[in-house]
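To start, I am sharing the structure in question, which I have written as structure tokens.
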Amino acid sequence: MIEAIRLSLHEAMTEDDSVVVLGEDVGVDGGVFRATEGLHEEFGPWRVFDSPLAEAVIVGASVGMAIAGARPVCELQFSGFSYLGFHQLEEHAARIRWRSRGRFSVPMVVRMPYGAGVRALEHHSESKEVIFAHVPGLTTVIPSGPRSARALLAAAIRSPDPVVFLEPKSIYRSFREEVPDEPEVGDLRSARRVREGDDITLVAWGAMVRRTQEAADELADDGIECDVIDLRTVSPLDESLIVESAQRTGRVAIVHEAHRSFGPAGEIIARLVEQAFWQLEAPIARVTGYDVHVPYFAREQAYLPDGDRIAEAIRATVEEPS
Amino acid sequence: MIEAIRLSLHEAMTEDDSVVVLGEDVGVDGGVFRATEGLHEEFGPWRVFDSPLAEAVIVGASVGMAIAGARPVCELQFSGFSYLGFHQLEEHAARIRWRSRGRFSVPMVVRMPYGAGVRALEHHSESKEVIFAHVPGLTTVIPSGPRSARALLAAAIRSPDPVVFLEPKSIYRSFREEVPDEPEVGDLRSARRVREGDDITLVAWGAMVRRTQEAADELADDGIECDVIDLRTVSPLDESLIVESAQRTGRVAIVHEAHRSFGPAGEIIARLVEQAFWQLEAPIARVTGYDVHVPYFAREQAYLPDGDRIAEAIRATVEEPS
Amino acid sequence: GMPRTDIEIDLRLEEMHVLDENGDVDDDLDPGLDRDELIEMARVMLLARRFDERRLKLQQQGRIGTFAPVIGQEASQVGTVSALADSDWVVPSYRESAVALWRGTSMSDLLLYDAGFNEGAHIEAESRDLPIAIPVGTQLPHAAGIGYVIAMRHAANGNGDENGNGDGSDVVMTFFGDGATSEGDVHEALNLAALRSLPVVFVCQNNQWAISTPVAGQTASATLAQKAVAYGMPGLRVDGNDILATRVAAAEAVARARAGDGPTFVECVTYRMAVHTTADDPSVYRDEDEVEQWKRRDPIDRLRTYMSNRDLAGDDDFEQIESSVSEQVADAVEQAEARFEELGDPAGMFDHVWAEPPPYVEAQRREVERRG
Amino acid sequence: GMPRTDIEIDLRLEEMHVLDENGDVDDDLDPGLDRDELIEMARVMLLARRFDERRLKLQQQGRIGTFAPVIGQEASQVGTVSALADSDWVVPSYRESAVALWRGTSMSDLLLYDAGFNEGAHIEAESRDLPIAIPVGTQLPHAAGIGYVIAMRHAANGNGDENGNGDGSDVVMTFFGDGATSEGDVHEALNLAALRSLPVVFVCQNNQWAISTPVAGQTASATLAQKAVAYGMPGLRVDGNDILATRVAAAEAVARARAGDGPTFVECVTYRMAVHTTADDPSVYRDEDEVEQWKRRDPIDRLRTYMSNRDLAGDDDFEQIESSVSEQVADAVEQAEARFEELGDPAGMFDHVWAEPPPYVEAQRREVERRG
């Protein structure tokens, strides 16, 4: 997926010379995950800015760049450090269009490696997307694989409003996928069905999509057919697909790596209760990270939802007598 | 309520000389809402520290103070500026006990005026409690009136772990309530039933409790009896009372001023779906702030849940045929 | 050898004033502004002053909400902003009403804003003035970002050297207070701007107070201008109640920025003569004496004395300014109050949040419309 | 008059070195440490070096995860931390393994940490060493807060003057890098510490790089020490590969803090000889030449030369240190690997998050226990 992201950045920079890449170590080094490799050499030190080590001004200067007509794509080295720049997102990026009554807008993207699973240090495994998702005016995207990452990033860069683009680092290099020769521009407002089934609706995003699909494959052997939805954009939430699916299957499980309490599943459940209550045949299951700090890496896999936990939740939900 | 808070601070400072109050303008000025009035004069410039204008170090120095054995109670002038210090909460306050394997702990309180309704400027009307509620290790408290504010603040100061104490500024001076002569120490782990009824469960906190109670009073005239629960502590969530009530009434409405999407109601709904699914007789209603930035004050009352919206949601939920 | 040596600071770090308290002037530094410009400066300073006086009354009457008066700081604002071209950028905090008036912002819009209507924040299509920023110091990163884009484009267009520096770029001027210097964002923005030699002028209005906190309670630094040393940036500290000094300093900083020689930290030493905002009661924390002291250095009086001494304007000119300003303020209030009536459709809260609102937000808007 | 004058900086801001590259010493500044202490310093420096070399291998073999080697910075760390008493506080970042070893942290704990076990972060009950802080610069506010409590108690106990300053208080020493100086938290903490004259020593290890960003890409400031000017704080810039210089500077700063005269900014000019962390490949962004240059100033070699020149230690002493250190490292690895086996109960992730976990978190723990 990291190559798809690099490709997408390269395509955007080639096509539009107002695209500026900035962040810690994104230049000469090409980024700690190599997402920006080669860009500094090709586009030079203005289009690709090795910034000082200062998250607030990385985000805040991006806001200014966007106001001045550029399309900044800034990288925060890990989402666990994004909180140092969060106030610039909440207080400004998300509000400048509104505050200026449409005079200025903030077409910027904040990319961050996100999530657990790469045996990293503390703060390098965070998944607190709900913090961004709760802010009006922000779009929060989490791709689940190379092709969607490339297309969604292209869409994010074109978006007229700010986008938080969370890249599940555990799938940066975990599997390959063909991407078409031609650039693709995704849709930031729609979820995608990645498997069809009538027995239960599974909702996941990011690295959890694959784990969920694998669990679904396994259960298919037992005759349980899962409808798997990759949210792609967490917020604004595309409720239509989820609601339609849940109305059909009557049973739902949501899988995310974020902490459970006050996590993103709550919103999905709330919408389903509002819009599919009468069709629900069983409690909605949450398979999530626990309500503890992501443990150091010796235990991180025990923190993350895995095939067993997902399968167990699916079985329990499907077997619940209605 | 502001007097109850001041009283509670005074009681704590008198009883325990490790309690330190700090923040912008909390000293000589007594705080922009006068919550700390008189403390500087009585306890001097060490116990009451007029800090520089710098939220990250207000929170971060409080973390250090707590590590060194003090009980800091810092004030952030408005919750809308808390994001500048949020990383210190997420990365340190909430984690130091865990990170140091229990060697150090962080018994600190972060007080902040919170919520809309006082005709204030932008950023002075925010209610993003979910951001704190989602962080493991943090306790998030929102009192609903003088007596509970005093008791809960006393408990927060005594808490062995960090507490975010959000003070709904619209009820700072909106109504009076007797407080007992003796100091009271509240319970940070329990919600409280403030009205009994069998027809519907209403969950609210902070300034919304009163609005909800008023709506409940009104509906009682029409024979609708509401069970009203004041959450008090948003996180860790005391699910037991809510679940018990919902199992009994079968119908629930949640009232909060925060934005709806990815807001706190989602978690309550998720728990109810997990634990009271079979007793629910109607979709759970959310009466909340909208998914837009809190508008400037000419429209803030239209943003906030009011009696009409609450009553309408209650009626719709109660009338839903099961 | 010399194992222990002082670190030399190789930066311009200067203090300056032009007018003395009697309106006398240092000829070497007198910028020699022409009469029309001086009259215009005097007019806008007075306009800002009278506008605030009126707003304080309106607020007391409950006709508008809280706001931050500029009274006492008019020279710090008009002197600096007047060194800009129209095509330059302005990045204000929340106290820059004299800046806004100099730049042509509608007073009735400002009143609308004060009355709690988002519509009051309207900005003209071609304007390069950012909206008010309330979170202290957080606007400085924006100024750096705008400066970055200016420098980048300048470099791309082959103007200036490979660093994008050279003659004639646009300039960004940003305003902040003494209290703001404690904020991390201010530090990060100053550092970035100096690192990349961006065309930004940082105007720090040291009005002695951050609400109830005096400068001495904010930092142990003897001056705020010396904070520039941390960034390898030149610093200028000027008498902020001396409009010639603020103008000279700003013009120098603007010229440096325009020439591609990077940012300057300009400290204007001034005084907040009124309340912090109308929610504040300064009698709790400061002496009326102090205010009286500063009244003697009133920036409007000093400009007037200078102009009289130099025969650039007489009493009748000032009377005429006074009456035109009064009329302008009265008109603006009337206009604004008429608009208060028209506005307030609650569904207006949904305007401009998104370029394209999501369906469920549209549904919320319809709900609000239905309720009316 | 003098309308335009330079701003004088009334602060000590000095550069200093004690040892030259040949191990010769400036007699005026030689702290005259006794042989035992020098031997102990040499031992811990070597221990840190060998420990890192071993960890780099273990990491390559996949037996531990990523970590940040201290190689090249041993004098910056041991020289400074050795100026503290045991009862003083240490607030580290993530690269302070030489500091940790000086303070007696168990090497097998460090290895456990490197292997991803939270148990490795264990801290002894009486220890005043904070755990590793990974978010760059965010630990400085903690140092300020600890310093605040020390000063407050000092004042309350009637020690020192009304500012809590006077003889004999505890001291806090905090460590951070060149890159960290760009962070807002560092700025805010320095400002607060200077404002209240807190007993904090700020040790900035300028190892020339923040991952791939050289100091010149971090700030336009000519030195990092001069950043102290922004806070009205004294600054010292020392040769960070000269353990006598780092020790002298730290001792001076510690004495100042202990006496109640406030914080000091100490810049140790040193070099990160190895990778940033094992996830990093420096060949992408820096020349091997540069590394070679710095190798000539290896802090361990320089101390050795000094000690030999002064007949404080000979080859056999160094051999003995070398072999005891090797043994210690080998023992620690063996011990740690034995512990890897015992640990890893997944439910351990719930330990120490709360003093009293909420019921639903307890239920989650039971779920994990059930799964095993």
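All chains are identified by letter, namely A, B, C and D, in their written order; residue positions are counted from 1 within each chain.
As a working rule, a residue touches a chain if its C-beta (ideal position, glycine included) is under 8 Å from a C-beta of that chain, and two chains touch if they have at least 3 such contacts.
Please read these numbers as outputs of a predicted model, since none were measured by experiment.
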Joint neighbours of subunit D and subunit B, given as chain labels: A, C
Cα-centroid distance, subunit C relative to subunit D, in whole angstrom: 42
Between subunit A and subunit D, centroid-to-centroid distance (C-alpha), Å: 36
Computed distance of Cα centres, subunit B from subunit A, in Å: 30
Two or more partner chains touched - positions in subunit A: 52, 54, 56, 80-81, 84, 87, 91, 98-99, 122-123, 136-137, 236-237, 261, 291-293
Overlap residues in subunit C, where contacts from two or more other chains coincide: 118, 132, 135, 138, 182-185, 188, 191, 195, 217-219, 353, 358, 360-361
Chain contact graph, described as a line, ring, star, complete graph or other shape: complete
Contact set on subunit C toward subunit D in their complex: 1, 3-7, 9-10, 13-18, 20, 26, 28-29, 182-188, 191, 194-195, 197, 217-223, 225-227, 229-233, 235, 237, 262
Residue ranges of subunit A in contact with subunit C within the complex: 17, 20, 46-47, 49, 51-52, 54, 56-57, 59-70, 72, 87-88, 91-92, 96-105, 136-137, 160-161, 189, 236-237, 239-240
Subunit A residues touching subunit B - in the complex, by the definition given at the top: 80-81, 83-84, 86-87, 90-91, 94-95, 98-99, 122-123, 128, 130-131, 133-137, 235-237, 258-259, 261-270, 273-274, 277, 280, 282-284, 286, 291-293
Residue numbers on subunit B that touch subunit C, as the complex places them: 24-25, 27-30, 32, 50, 52-56, 80-81, 84, 119-124, 260-261, 290-293, 295-300, 302-303, 308-309
Residue ranges of subunit C touching subunit A (in the complex, touch as defined): 89, 91, 118-119, 121-125, 127, 130-133, 135, 138, 140-152, 155-156, 164, 184-185, 188-189, 191-192, 195-196, 351-356, 358-361
